[in-house]
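Quick one: the structure is below, and I'll ask about it shortly.
All chains are identified by letter, namely A, B, C, D and E, in their written order; residue positions are counted from 1 within each chain.
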Amino acid sequence: MGNVKKSPWLLHYDGSSCNGCDIEVLASLTPIYDAERFGVINTGDPLQADIFLVTGGINHQCQGVVKQLYDQMPNPKVVVAVGICACTGGIFKETYNILGGVDTTIPVDVYVPGCAARPQAIIDGIVKGIDLFQRRSDERDRLIKEAKKNGKVTDEVMAEIDARINQIKVDPSVKAPEDAGKIKEIPTGGSEE
Amino acid sequence: MSYKKTSFLEFASESMKNLFSKPVTTTYPLEPAVYPERSRGHVEIDIDQCISCGLCSRSCPPGALTVSMPNGTWTINRFDCIQCGYCVEKCPKKCLKMVPGYQTPEPSKAEETFKISEEILKQRAEAKAKAMELAKQKAAEAAKAKAAAAAKAAEAEKTAPAEAKPEA
Amino acid sequence: MISLETVVPFLICFPVIVAVLMFITRNSKVRAIFAYVGAVAIIAAVGFLLVDWVTNGCQPVALFVETETINHVILVAEIVLMFVVTFLCFKYKKYWISILSIVPTCMIAYVDLRGPKLEEMHHVYLDHLSILMCVIVGLIGSMIAIYAVGYMDGYHKHHTEFKDRTYYFLTVLFLFLGAMFGFVTSSNLLWIDFFWELTSVCSFLLIGYTRTDEAINNSFRALWMNLFGGTALAVGIVYAAYVAGTTDLQTLVALGVLKQPAAVLPIAMIAFAALTKASQLPFSTWLVGAMVAPTPSSALLHSATMVKAGIYILFRLAPGMSGTETGLMVSLVGGFTFFIMSIFAVEQTDGKKVLAFSTLSNLGLMTACAGVGVPATVWAGVFLMVFHAVSKSLLFQDIGATENSLHTRNIEDFGGLLHRLPKLASCMFIGIVGMFLAPFGMLFSKWATLKSVIDSKNIILVLLICFGSATTTLYWSKWLGKLIQNPSEDKEVKDVTKTGEYISLYIHTAIMIAVTILIPTASLIYVNPLVTELFGTSTDVMSKSVLYTMVAMLILAFLVPFLAYLFTKNQPTKVDLTYMNGVNSGDNKGFVNAFGETTKMELGNYYFDDTIKTGKMMKYAQIALAVWIVVMTAMAIVKGGAF
Amino acid sequence: MNTNYIRIIAVLAYVILAPILGAFFDGLDRKISARMQRRVGPPITQPLHDLKKLFAKENVNVNKAQSFLILSYLVGTLIAGALFFSGGDMLMSIFLFSTSTMFLYFTCMVATSPYSTVGANRELLQALAYEPAELLTAVGFYLAVGSFKSLDIVSGKWSAILFLPGFFVAFVFILTIKMRKSPFDESTSHHPHQELIKGITSDLGARNYAIYTLTEYYENMYMLGVVALFFVNSNPWSYLGAVVAIFVLYFLEILIDNSSARVKSGLMIKQAWWVTFIAAGLNLLILMLIK
Amino acid sequence: MGKRSVIPFGPQHPVLPEPIHLDLVVEDEKIVEAIPSIGFVHRGLEGLVTKKDFNQMTYIVERTCGICSFGHGMGYVETIEDIMKVEVPDRAKYLRTIWFEMSRIHSHLLWLGLMADAFGFENLFYQAWRIREKVLDMIEMTTGGRVIFSVNKVGGVIKDITPEMQAKILDDLKEVEAETKRIATTFLNDYSVKSRLCGVGILTKQQMIDLGCTGPFARASGLNNDIRLRGYEAYKDLDLEPCISTDGDCYARCDVRIQEIFQSIDLIRQACAKIPAGDIAVPVKGNPNGEAFVRLEQPRGEAVYYVKANGTPHIDRFRLRTPTFANLMGLCEMLKNTELADVGILAVTIDPCISCTER
């Protein structure tokens, strides 16, 4: 049914990051990168969000929060882990307080590497997430239609459908835009390390 | 009080000006991004230069690198690398390079492995064998020389006992 | 065949008899039966009155022309009343208040015995307005009497610190009913004065019921303010008797309409007296203080009926006041009271106080309507009066019953009442909605008020009403919101409300809804003639298109939520945790706080106690309005050429 | 009979077109705002995509009563607006609007959560701020035209604005409050970075939020309808004038939104009341004197 | 009775980019009690000394915080250099100063944006961050990173600024200066902005001293506490007049930070003019042994670094006392008797950096 991919709303949560990735997430919304071009709204409210952007690793205290926020989001939804910390725990994974990346707590669909993750990378991550979001939404609609044919759609049926759609993975054929990255032609004098 | 003068809708003129000027938004991802040359995007390896010494992997702060000498591989987990550039600094062969262009986001945290080409490995093995042989030869020669020297010394001792010390 | 000639005396005397029975019966069961029977009898009598009058063709009826003996009886009673008041004043060392009783009584007695010979006149006058008042007093009064029997039982169970004097309470309540009937049916100012004083004293006695210091203080404040009004009334009567040569209210108003100078002062004085009774500024404090009395008296005297006596008189005077300084004085006092009291109501947490301030506020609106004194405003005012009487009576009773069950009447403790005391809360909900939301009549009356006030070109009043409506919405909505919340302390509450109380509550609720639906009919067959009687001209405030609007409103308020409920009932839905920044403690009842423990959810409404300082602002308002009244009265007198 | 057809058509147009126009205006708003911020911004159809998305999502409630209350809010607003556009009584439609706002308030209160509750309380404050001006606007029309009925107002000989400049000022002032735009986005803001996050809409699940948005469109279109009422008269050209006025005004709203901080609720009430009191009050005084 | 509400403010609160939590008890919207709690971003960074050697720690300490990452790295290496008695070349000192001031500009612009966001001024937020991007571009051009610079090492810096780069920086700074001026007038003059800032959260100089607050936050109350006057790195050669205001409210803090942006621009210009040629690092041999303290003026105030080393590559102790940690006390004090609407502003006004506070 719905063409949902034009309206991905973000929920950003700062797990245990150093701030570097957070400010880059914010920067990706500012005029230069303007993620709102893709219909992105940085909503603060899990109940209305589609894409969960988590920066930073997971520690003992924020684990519950991350889990709860994820549970509060209505299906279909996508989780994007932004930054090395969110991917693996990064530089802090060996400390006593960090459990690891976001995938220690909730299923992660897209990993955005970088320390800090660049705005471009974050946009790419979102773009991949959007695609998955659309696929999950389509699948959800299909399953509901099917379920309707088979009888009443109860809350349990819905729960089962939602569990199923969350299994869908990112289609590997969807390429994020090639990031060959041109070199800026500004005077640099080269690197001299 | 050091408050400056008050004006209403101070920013309105700025907003209007903005409205009629071009947006600063880049067209990424339609067009590729532009990075300055020094931009620390990702680590590249000129694998054939690598000697599998392992210095990089030992110095990598998050432990994103694994180096295997026997297989001749150099493995990086790009989802673990913080692009600090310390490995680049440490590498004795200067075969690592920090280049612009970040690692693209992926649905899984795959590692990337580089293998030193068989040819070079073979070459190296050969070189090593050669070197070993050379060393052996050298050792043999040295031993020979030593023996010769010793004999000479012994001879000399007989002739000039005060000169013997440095060779011992 | 029972005739009007007998029903009216019955209505006045029968409650007094019941009162005596209440006083002498010390068995609560028996007393209850007497009370029920009395109440039913009163309703029946009012029914007879209505039927009789309607079969007479709904024409104004004047009765009791020759009443020498009754006049004397009433005079004696008034003197007795004076002695009672004086005694109580001396007992509680409030000597000076007794002067306010002695002086007017002497004046009235003098006029009665030694005054000028007045022309023959009737003493009882029944028209649409007085019949309406009778119906209101009879219906609400008897139901509150029934309610009071149950309520007082619960009240003393929960307030063990007060001596149980239920017999006394019920006595005064019935006595008051008699006085009230007398008041609304009389047209002779001398009679009116007596019943006036009687209601004041009843109110005084009920306020002081608990005999705490606060209650006594408040009761005396109510007493002196009302007696002060009574004194003004007496002055007006004496002046009318000597200068205008009449003590008949109708005649006086007729003189006023003709702009006779002689009528100016009496009308101003009576209007002033009415302001005290309706507890308008600067006399509003007594009604606020009266809230210490047990709730039935608040419901009956201090919102549904006695204070309406002031409004009733103002309506009567309206044609005579229209366009005069008195009218201006009254309308602005009313408008200002409406506005400022609605602000004060915002600050209150005590439910009963909110009701008190809201009552004051609405009385202000009615006063303003009367003060403007054109047919359309009186039309609106009559509707305001009816709706207000029903819904306030309902609310007061409800809050009383709620307090008995919940042991608090703080609105902040009413969280989730709709789940905890569903029956009481539903009635409360309807009562509150009735006060300000579509489709209930109160809103309708406000519409009409605004329209007619614009027509009368009273700009200040227009502004006051517009701003006051906004604050009114605020304090009622807050309360409603509280009722429907679902707070963490879902403690089981035992509903101790008696059947008698529920009967009264349900009937009130039913009346509210019925009257709302019947607005167009009521307007056509009753209120329009009422206004015509008062003014001699008729007005048609309700046009047909308003009727359509009514229908739209009814649909909006009842059908839409119902259909929406049916529509959404079966939608699959996930019930989620509420949004608490991600730290809900596993449910919606609290969150994990700074110490890793669970903090219980607490949600409060806004009260603005930083901005609204009721006490201080009340003083300023009182002073300002006192000055206003004095100035305007003086102007009225000077302009009227009385001196 | 002729007017009855017009009435029906107007109502149908409102019911069908208001959400579309509302979304269009919203899209325009977002685009122009973005440009004022030197961004490209979303496409102008973005609000429609958002609505579609929100309806496609799972239905989430924090309290089961929410769904029917919010639906009542929508339908209530619809009825109130329909009353207005059918040429009906303006004052009554204002009352109906406040009744339907009550449904929104209830929706937030039943959620029983801190942000919704504070948002709901703020919503009441907003109502407190704008209600006098709203009522006075109706009063103004009544004085100018002699009727509360919008049909009578549009068929006047002169545009009401000629008599009601002060009321217009007051109304425009509260328009910002009604549309929940900065500096008066107290109860909820279109940008969630405020102390209340999403305020009244905090606990609305995706679908309920979609209904809320729709209702907001209906309400905005009603408000713009009132703006138009200031301008139209029996002359058809005046309709063009009204359209121009609406666009100019809407643009001004966007400009103000993009050039001011959110003020505190106390200041909002104070300002709204003073502006209403002075602008509308003066106008009222003059009107009453000359009429 | 009743009528109070308890509001969980944070950890997931868009006004706070970082997770902290406040239990707010409000009456109407007046705050009667505010209890902060932290720990959502505690990572245990200081504990990593046992696992990483002192050179690796440079990169780790940088990641204390993504905003003042450069300062943290610099504070750490200075401490080690202090212990090892390494004399850093002058050019390196100037380079460090330039980068440090750049990071101050970007931090303050970021703060201005967040502040605008907190009082609901979207556009201003966007414009502040748009200007900030220019600074980030300079940083990326010279160091290769946008927010994490990774150019410090024990003994100097890793990268040099070429003359071409220097020219470009000076050029771009002009633009940054002009654009900042344009948004600054809105921050300082606009009526709606002033209605949110003036007189809000007043703290006196004495209170600042008693609470131990630092940085621009304390300078806005008239406290002259700029650690840069100590003259570390190149500051001893540069003209530096601390920016001080006396009102002690949010407006004054805004004012001070705006002044500091211009001051930093000026400092960079001075440094570029005076920078000597020469090496950018000296080789360092061996391991540190001993202990040292270093104090720095970070954008948010005084940060203190402490290292105790034992002669092995793994140092014994590393401790960091951050400015936000000191200023949080000020926040708690300010929150008393303010309004809910002010919470966001007050929280932002100390320029909280939780990730460094909790590390």
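The definition used in the following text is that contacts are C-beta pairs under 8 Å (C-beta built on N, C-alpha and C of every residue); 3 or more make two chains touch, one makes a residue touch a chain.
Predicted model, so just to flag it, every value in this text is computed and none were measured.
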Response to the item:
Shared touching partners of chain D and chain E are A, B, C
Worksheet item: If every chain is reduced to the average of its C-alpha atoms, which one ends up farthest from chain B?
Response: C
Item to complete: By the contact definition above, name the pair with the higher C-beta contact count: C-E or B-D.
Response: C-E
Practice prompt. Determine the chain that sits nearest the middle of the structure, using the mean of its CA atoms as its centre.
Written response: D
Item to complete: With chain centres defined as mean CA positions, report which chain is farthest from chain E.
Response: C
Item to complete: Report, in whole Å, the distance between the mean C-alpha point of chain A and the mean C-alpha point of chain B.
Response: 32
Discussion item. Report the inter-centroid distance (CA atoms only) between chain C and chain D in whole Å.
Written reply: 37
Worksheet entry | Residues of chain D touching at least two other chains | 34, 36-41, 58-60, 62, 114-115, 117, 192-193, 197-198, 202-203, 205, 258-260
Discussion item. Quick check on chain C: which residues sit in contact with 2+ other chains?
Written reply: 572-574, 576-577, 579-583, 601, 603, 605-606
Worksheet entry | For chain A, residues contacting two or more additional chains | 13, 30-32, 34, 37, 42, 44-47, 65, 69, 72, 74, 91, 94, 115, 118, 158, 184, 186, 188, 190-191, 193
Discussion item. By the document's touch rule, what are all the touching chain pairs in this structure?
Written reply: A-B, A-C, A-D, A-E, B-D, B-E, C-D, C-E, D-E
Practice prompt. Over in the complex, which chain E residues touch chain D? Could you list them?
Written response: 5-8, 13-15, 29, 116-127, 130, 190, 192-193, 195-196, 339-344
Worksheet item: Which residues of chain D touch chain E in the complex?
Response: 33, 36-39, 114-115, 117-118, 182-183, 185, 189, 191-195, 197, 258-265, 267
Discussion item. Under the definition above, what is the set of chain E residues touching chain A in their complex?
Written reply: 11-14, 17-19, 39-45, 47-48, 51, 59-60, 63-67, 69, 110, 113, 125-127, 129-130, 132-133, 136, 141, 144-148, 158-160, 162-165, 167-168, 353, 355-356
Item to complete: Please give the residue numbers of chain A that touch chain B in the complex, ascending.
Response: 31-34, 37, 80, 84, 87-88, 90-91, 93-94, 109-115, 117-118, 120-121, 123-125, 127-128, 169-170, 172, 176-184, 186, 188, 190-191, 193
Response to the item:
In the complex, the residues of chain C that touch chain D are 416, 437-438, 443, 447, 450-451, 454, 457, 459, 462-463, 465-467, 469-471, 473-474, 477-478, 480-482, 484-487, 545-546, 548-549, 552-553, 555-557, 560-561, 563-565, 567-569, 571-581, 588, 601, 603, 605-606, 611
